[in-house]
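Please read the structure below before turning to the comments.
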């Protein structure tokens, strides 16, 4: 049974990850790290874990982590991750990285969008993007998996099959996403202060969100031609969930049924993508690893509507799905 | 002082209307009608009005209403309104109609989108669309004003100046709107049951929402050419507020500053439109008659982001703004 | 593996029950009944179950249910349950009943609080009250288990050990409870309409809530003397969760530590009660079968604060806990 | 027209105060202070005020404030207030103080509950407690008014008339209050981080909340005997509103109607207290200066249920009510 370390254990993705792994028959959590002073018990930081996991938040070096764990889930901020991953890999641990550090192929693109030089640029372009629905064959043997961003997963899953089938134009794709507040993390800020975002809705980082190049890259790979999406994220007064509405130009004259059937065929054998006829709500996928997708044609434009739980299929559930594939467990283990 | 009757007094728009009119020095509410059994006191139906308005919900014929009131605010469902308005007008009352019955010029378009024959088709095309920012000159003498829909106001205000200035293409305009639940009215339904829509977000009536032809018509008038928008409304877990994000093709090479300046110039003298540089949140306009607007250029596409309170600028506030213009009061009376 | 039927499958408790049972290795759901027209697929009624459970909502007689199932979970309204349970038991099925029909010992008390004659009065007084923490020994052999109410569980768990230990007076116990809206069920009503209860908090059924005699009875049994609690429930704008604050007179001079230790000792071996030092929030137990409890002494009064998820420990989780005990499975199966 | 300065202008009470004063025909806001760097425009800090108030947040000494303003509303933290008020008063300005600094009569009690020595102890005991319903006659001539706390107002208004009439015992009064999150202010903290308090409810500061001695003191004054209440505040996932449920022992055999009639009589001429028969919800008083109150007798215990908007009747509305009385304006000016 792989021994597991979780780095950055005080946040929401770590919390959800722990809850999922506690249900996993083949995973043993042996360490949870964080920078909290005084090494508090995890239940002090996450009261919902009271009586569930008897570990303290430790401050460990990569070498110490590698000595204890076979597999590391890195719930760390971008920048920090790339400074630790090389040592972890050298130490022989496998890594599922939640940060954006290993998702982009091009260090220049990383530098442009993240305002910093990449700490491990040679590795870029060789790391598998952990979206099993598109890249499953590369995952079993990967020492390092870049766990996808929440928005990218919600946008790529509906669009990739349509681009692949040539049903939509790769140019001018509009992605209007709406997310719950947990996507902003657990650090208190005025923008995520209860009385600021409750009963309010707003757009943010329009055209400047860092998930943009990630979506560009994966859709570009799928389409076989450069893609530049127009991406506008919005903040919604709810804890969790992403609803993504996309608008594309059809490549040819396509019917709604054709679009839906293309999606259904593409995901026929996927355990965690549900192509549905109705307009899905984020609550349908709340707390699950599912991404629900549908499509419509409106006045000649192809629309997709998709939703998922940003902390599960958009983060910790996807990470365990990758873990299951990496270690040869049934892919849905602990995820249903 | 005009004597005022409110038809359809049990709903949310009537409640907000009453609250605004109670602050108005030149308006006396003399009747509130509704179909509730037993003519309950308004405070029974709206506890927040306890001690504020000593009237009961009556069931009155149009003739009875016309005998008592100088001006009627009709908060009635579409279809019902057009069956009463002709008699009210014949009785000499002026009418601000909240329903969709008099917003469209073409009875055929009405029949197509509302699945019913119009009851008063001859009047269509002659009724002023009560958006003062575009049609103010026609309002003072109007016997009947069609109060705009909430979504249309949120979409027309940012787009009209850009179309008028020729900055954006009239074809392929995408309107992605997000609304609070009060827009769905006060009748209990599963879709507006607390535990169904709380902590969930979904699209609804995609491409089929009845506000579509209304937006088409007004933007078409402004652009001087037919417009067919792609309109996708979404339901957000909050009481009030609409946030509308639009995506258009620029007609020529325009800068973000040029777009913003066009909006600023157009609304320079407007009391209730605020063109802002930041990305506005619905809470900024909560409970007010303001519509806040900004714009961005993202990868060559023109985006506008606007917000308003669907019950105020999207309904009852706009109605009082029209009333003030109709009766020659300062336009902001009771609205600040 | 027991074959399971769920009666009343369209509501929230049934939905949570299905989700839990789908994780249970020793339970096979063979039928879900409801009165919905046209026998829709469960995924039509509960979109979150898409791809999870391939059954339709059927309308079955008790005999048909008994022929197909070994164990029935009855998620039916009070009154309805008692009209079906006798036939189910005669047919040899075991029943976990979510309704209030078999919780009270005295048909007169039932008639008084529920405004109806009991349909199966002879059975009252012989049915185990399915709160394992107090009545575990009687559950394994029970053909019928009365699953406790959500409020009673939240109040009885903190108070019973203190009454049993003689630390608090059985007279004048005040129970101030706050619940999320899912406790009101899934039938749309004005009181549970999103825009009525969002951003509002209110008391309801003060002194008249039907869970009152249930709390009286169980606490009275524990205390060995009649108990009459003062119970005031409140509605909170959230989906789930009950927070119960109780106020009692100490029977003698007791310290806070003594009260806490009494609770800790009483629940030392319980898998689903967590006695904590901090003031718990309902989110700590969200989606879990845990009840979190703490206590304080304030100016000589003993306060307990407890919370649980009304749909899990307050309904479906408790039901599966009972099921596990009835069938000899480890008590936490499918519940962690 | 009095020139008004608002100290501590970046918080929620200041925002509401500004909104109310902008409607006031006899108040001119001349200065808003705060410690924000760079003296930002108020609309930068409060986007909802865009176009409403053209002032910047200044850092002013008490002397500078006194030179410019006739009346000061102090929205400052406790401790800070008492260090400035003496200079303001010496400068000839009148002060409505929102902090707790001048509410308690006894510097020792202040020191005990607020963990600090009082900076202006001689003044204590001579400052009017600005609850007009109890102390109106002392307000017109007061140079300094201590604006009541939000919880105290919600508890004192229902209890004071019953104590005064001798209907309830002054001993053992239990006050279970539930508040929206805005009561915690605008400074981001983990406890008021959206995803921490949304969908959760919890008790906090049980028995230790600083409003306790304030309630004790005023009820003690009314009762003519020392009062020590058992006070448990709770945090509710909503922006605004306090619902307070109190439990008292009747002093004699009283009926529910007698209790209600005592309340009705006491508040018969009050513009902002509404004694109602139904159980009020916080939404009934949302955004208003009303406090709604009802009462019930449950198993021999007297319960009151009251609600108000913590930012209006619990803070800024009450302050303007005091201001109106201080300056001889109609008491409801700008408050309806």
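As written, the chain order gives the labels A, B, C and D, with residue 1 at the start of each chain.
Going forward, a contact is a pair of C-beta atoms (placed from the backbone, for glycine too) under 8 Å apart; a residue touches a chain by one contact, two chains touch by 3 or more.
Being a predicted model, the structure only gives us computed values, none of them experimental.
*Asks:* Looking only at C-beta pairs in contact, point me to the busier pair out of A-C and A-D.
*Replies:* Comparing A-C with A-D, the pair joined by more C-beta contacts is A-D.
*Asks:* For the copies chain A and chain B, give the interface type as same if over half of its residue numbers appear on both sides, and as different if under half do.
*Replies:* same
*Asks:* Compute the centre of every chain as the mean of its C-alpha atoms, then state which one is farthest from the centre of chain D.
*Replies:* A
*Asks:* Chain A to chain B: how many Å between their CA centres?
*Replies:* 39
*Asks:* Could you please state the distance in Å, as a whole number, between where the Cα atoms of chain A are centred and where those of chain C are centred?
*Replies:* For chain A versus chain C, the centre distance works out to 37 Å.
*Asks:* From the mean C-alpha coordinate of chain A to that of chain D, what's the distance rounded to whole Å?
*Replies:* Each chain reduced to its C-alpha mean, chain A and chain D end up 46 Å apart.
*Asks:* Hey, what residues on chain D touch two or more of the other chains?
*Replies:* Those would be 180, 196-199, 237-239, 280-281, 283-284, 286.
*Asks:* Could you pull out which chain A residues touch chain B in their complex?
*Replies:* Result: residues 172, 174, 176, 178, 180, 196-204, 206-207, 228-232, 234, 236-241, 243, 245, 247, 279-284, 286, 296-299, 301, 303, 305, 307 of chain A touch chain B.
*Asks:* In their shared complex, at which residues does chain B touch chain D?
*Replies:* Touching chain D: residues 22-23, 47-48, 50-52, 199, 274, 276, 278, 280-281, 283-288, 290, 292, 336 of chain B.
*Asks:* Which stretch or stretches of chain A touch chain D in the complex?
*Replies:* Per the stated touch rule, the residues are 12, 180-182, 186, 188-190, 192-199, 237-239.
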